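Here chain A shows up in two complexes: once beside chain B, once beside chain C.
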Partner chain A sequence: MGVSLAEILIERSEELRREEGLNIRIVGIVDSSGAAVNDKGLDLEEMIRTKKKLGSVSCHNEYGRHGLNVLDLLDELDVDVLVDATPTNLKDGEPSFTYIKKALTYRIHVVTVNKGPLALALPALRELAKHKDVVFRFSGSVGGGLPVIEFARQCARGDKIVKVEGVLNGTTNYIISRMEDGLDFKTALTEAQEKGYAERDPSLDIMGFDTAAKLVILANEVVGRKVTINDISIKGIEDLEKEDIDEASRSGETYRLIGRVDGELEVKPTRIKREDPLAVRYSMNAVSFTTLNSGRHVILGRGAGGRETATAILRDLIEIKKKLVEVRI
Partner chain B sequence: MRLVMKFGGTSLGDGQRINNAARIVKEYVENNEVIVVCSAMAGVTDTLFALVDRASRGRVRDVEITLNNLSEKHFKAIDDAIKNEEIKKDVKSIVKELIEDLRRAVLSILYLREATPRSRDYVVSFGERLSTRIMWGALTELNVNCKYLDGGDAGIITDSNFGEANPLMEITRLEVRRRIGSLLDRGITPLVTGYIAVNEEGVITTLGRGGSDYTATILGYCLDADEVWLWSDVDGLMTADPRIVKNARVLSTVSFNEAIEMAIFGAKGLHPRALEPAMKSNINVRIKNTFNPPHPGTLITSKPEKSDMIVKAVLLVKDVAMISVRGASMVGRPGTVAKILETLAKENINVMMISQSVSESSVSIVIKREALPRALNRLETALLGTSLVEDIESEDDVNVVAVIGERMKGTPGVASRVFGAVAKKGINIRMIAQGSSELNISFVVKEEDGYEAVRAIHEEYGL
Partner chain C sequence: MGVSLAEILIERSEELRREEGLNIRIVGIVDSSGAAVNDKGLDLEEMIRTKKKLGSVSCHNEYGRHGLNVLDLLDELDVDVLVDATPTNLKDGEPSFTYIKKALTYRIHVVTVNKGPLALALPALRELAKHKDVVFRFSGSVGGGLPVIEFARQCARGDKIVKVEGVLNGTTNYIISRMEDGLDFKTALTEAQEKGYAERDPSLDIMGFDTAAKLVILANEVVGRKVTINDISIKGIEDLEKEDIDEASRSGETYRLIGRVDGELEVKPTRIKREDPLAVRYSMNAVSFTTLNSGRHVILGRGAGGRETATAILRDLIEIKKKLVEVRI
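Now for the complex of A and B:
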């Protein structure tokens, strides 16, 4: 994830500077073994080389610092924005939760793509950001590069979103799609793993927790419900049989793992018509917003992926730059 | 049931009372999940405020004496509350350390001759911190597995408005659930200091108005408690002040709106702000008496039982004064009332009641009596001689009578019954105000008629 972001920043730096007036200086990079720090800005190409060759940016001969973590860095450096691209932990959201909390408390803007702290504490983190008057953004956390939240805001303008439904997890959707093609669950899962769609431990995806985490974010951001993952009733695809899909297909229907917010908050394998816009195939994501007056709007596209998510981070950084300009003039 | 129990200052007034409160808790922990919230021992918070004041004026001797008195008071309470020598020793050493911390804080104020809202909050926080440790000792002696936590450690996070901080409810909810929830899961009874919290940087703040009651309802909200019990030294909210009306009685249930009205009009200790979190999450609040535990008390609820009572309570607000501003030129001139209110607001004087005739030729307002000289002075300076106002009159020998009941809304004839009852006693009504919520009719009478007016209405409605 970090490498994808660095690559995109390198490729687009000229354009960002010209078009958005955005000159991003990365003053610190932290990975699992330590950090690289330079308050004049790190050379990203060099950092990618170091990471690829030596395994950690902390091995850089000049700027590498073994054992330094994000909390130390926030104390040491004067930064505008923390970008959090740590892996999702849905148990307690750590360490990301602590990083974000500290950054917001220090009045540092935060961009995160980590669903853990969002799923467990989004209302609280939003409240803290508002209290400290800083920007807290996470558009990469739902739908990867797909601008789901922005799209929802557009749908809601002058209208009201009454229902959100989404196919939010590429892994499970790939598995179900392959089951439609005739594979059984196990074979489909193995294939997804071989193709790199599924993690080695795919349980977060399969059990529906990843979908639920994304649903929390949508419920808070789009419908204004102050909820966490504990408020959601969750059922994954672990018990979905090939027979169920075959049976559904005989009446022109199929299954998708759908997260839904209306009166209820629910994740479960849901039987829908094959021509329903949510019946996307393979690793596609689709989210539909039903509004009070202007009907149903659907956004679809490829969800996760390093470059897609990195693009979402960039989008958030541009938003923050806009905010900084407003504040400082 | 999951219960939050808050004990007020009087209920923890000395060692014996703390012991008594601990026994009450013990009785409930067997079959319930109890979260205990402690106020400071009666009088201690006031003493701490005075201590800050004296220290900032550099009165060394006074400070020494006050500190020693405080220390003595708490050590005596420990001796009376706890018998077991070992526990007593533990609590004494904890309290000794706290008092040392307090002494250092006060000394720094003394040296600098400067008290900020921040340092004041730090000093006054010691009241609750001390009482909670003694309560912990008393409960430990009764074999209750418990742990004491300062407001911040319990997870109550506020903004940095020292002296009257506002909780950041969502962060607080998250933190309280993590910290207190895990204690409850392990069967440990948490004892939380009332009134105090921390800001997001961990600096001690206080909740100001509403104090420990507010802590209790915040915890109730965060932990989805079944009920919040506020233990104090009264049986509950009453139909009238028993010193005025002999047969006044305790109300078994009132709605949140009624309780808020009654709180504003001086129902003992209760602040409307403290009811907010409970009201928002539909958690029942019960007022109970530590000196009379079997009494069911008053239940404040969003679903009050059906009752025939149109009027719930008649309250008398003493120590008020009325100001009337008259002037024919005020008629049809927008902004006169705004000018009056603005003038008073600048002096930080709260307007309790306001009434204006439709002719706009006079405006009457009611304020606290102590503020009258200042108010009069400012209003005269600002308004007299402006050709707008002819005269400003004041009366400081008046009382406000407040008649409260949710069912007055939409019941025709309430006003005529109320005022009829008062008129029958030959009492003249000076000023009337009723909001369109119809929860409350307030009127002003001469001080000498105050008691009589309350009795007349109490009797009329058979309360």
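Now for the complex of A and C:
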């Protein structure tokens, strides 16, 4: 993900400068072994080469710093924005949770794609960001490159969103789709892992926790519910049998793992018509917003992928730049 | 449409004032027989009653003005915004074209849902609005309540839209869907007219001109092509036979009337997979944006309807209010 972001920043730097006035200087990069630091700005092509060749940016001969972590870096450097692309941990959100709290406390804007801290404490983190008057964004945490939250904001303009329903997890959707094609659960799961869809620990996907984490984000951002993952009733696809799917299929229906916010907050395998726009297949995501006055709006797209998520991060960075300019006027 | 807008403004006035700081005063309403005018603000409930009971707001006993038209009203009153909900005329765009030009020239912000002037002269009208430093918006002209243009802007943030494809006309899509169900073209068309989907003159829909008009708007707004309807290659569904649809169906495919902008600008019945997200049925609209870095994003929703379009107008009014506040800072 970090590499994808670096690549996109290199490819589009000219354009971003020209069209958005966005001139990004990367002063520090941290990976699991350490960091590379240069307050005059790191050369991203060199960093990608170092990472690919030596396994860590901390091995760079000039700017590498073994063992340095994000917290050290926040203390040492004068940064405007922290981009957090650490892997999701839904147990306690660490280490991302601590990174984000420290950055916000230091009045540093934060972009994260880590669902852990969001699922566990989004209302509190928003409050902290507001209190410190900094921007806290996480476009890439739901729907990958698909601008789900931004779309919802547009739907809600001059209207009201009364219900959100979504197929938010590509892994489980891939598994269900392959079960529709005739595979059993286990074979479909193995295939999803081989194709690289399933995360290291697929139980987060299968038990519905990844969907629930994304639902927390939508509930907070789209319908203004100050909730965490503990408020959600969660049932995954672990008990979904091929027979259930075959049976539904005979009446032109199927199952999808759907997260839903209306009066309730629920994740569960849900029987829907094959024609329902949420009946997307394979690794697609779909989110439906039911509005008071203009019916149901649905968006579809690939929910994951390095370049997709990197694009979402860039969208957030542009948003931060825009806010900064507004404040300066 | 005017009545739908008035109803929504009444229902949501409290909320709009509180949440958006939007305090709308309607000083003039024009219909085909004349106008109602009150520079202290018209009572919308009374206006709806008059319209429903007497057929025209110009019959109102106190504020009615027979024969007064939009041009008179722009001369007589001090208005901030003109909302144009006149029916689409793709021949010369009148009378809407003249109304919009006059309003923009007078430095009055304009919201329109009329595709005529947009299809014929969008680049010139945008130029005029820019020159006069006023806001010119037309959310409701594509996709009804579905925020198509706004969504595209979000997709393009930090990314690039390289292709737009859409099922943009509900009438023809209803007809094709009913042909899939087994009806012939003529029966399907009659049914669409009875259901109120087809416009007064259905040829605009069927020959592809309505789709082309919407494609002009998307081409200008989403991919920055300064084009008019004359630049588009247009073929409607008039020659589409039930046999074509049956034949496609045997290979799991179907037809949709698709407007497309990439290198080319084209409207034509296009053979696509039944699984393609653009294969929406009945009066649904669907628009797909293919991006450079984050794949294909698709939005689906009902493309028309009074309340839907009124919601889009309200969205534009909120946008204008926002711009006004920004300028004042």
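What we mean here is this: the second predicted complex is superposed on the first by the 327 of 329 C-alpha atoms of A that agree within 3 Å, B and C clash if a C-alpha of one lies under 4 Å from a C-alpha of the other, contacts with A are read in each partner's own complex, and residues count from 1 in each chain.
Basically, a contact is a pair of C-beta atoms (placed from the backbone, for glycine too) under 8 Å apart; a residue touches a chain by one contact, two chains touch by 3 or more.
Model, not experiment: these values are computed from the prediction.
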Chain B versus chain C as contact partner of A:95, first or second or both or neither: neither
Touched partner set for A:105, first chain B, second chain C, both or neither: first
Which of chain B and chain C A:202 touches, first, second, both or neither: neither
First, second, both or neither for A:124, with chain B first and chain C second: first
Which superposed partner A:275 touches (first chain B, second chain C, both, neither): second
Dominant toucher of chain A (residue count), chain B or chain C: C
Partner chain in contact with A:226 - chain B first, chain C second, else both or neither: first
Chain B/chain C common contact set on chain A: none
Partner chain A, residues of chain C touching it in the complex: 8, 12, 144-147, 150-151, 154-155, 157-159, 275, 277, 280-281, 291, 293-302, 305, 307-308, 310-315, 317-319, 326, 329
Chain A partner contacts - residues on chain B that touch it in the complex: 159, 168-171, 173-175, 200-201
Residues of chain A touching chain B in the complex: 105, 120-121, 123-124, 126-128, 131-132, 226
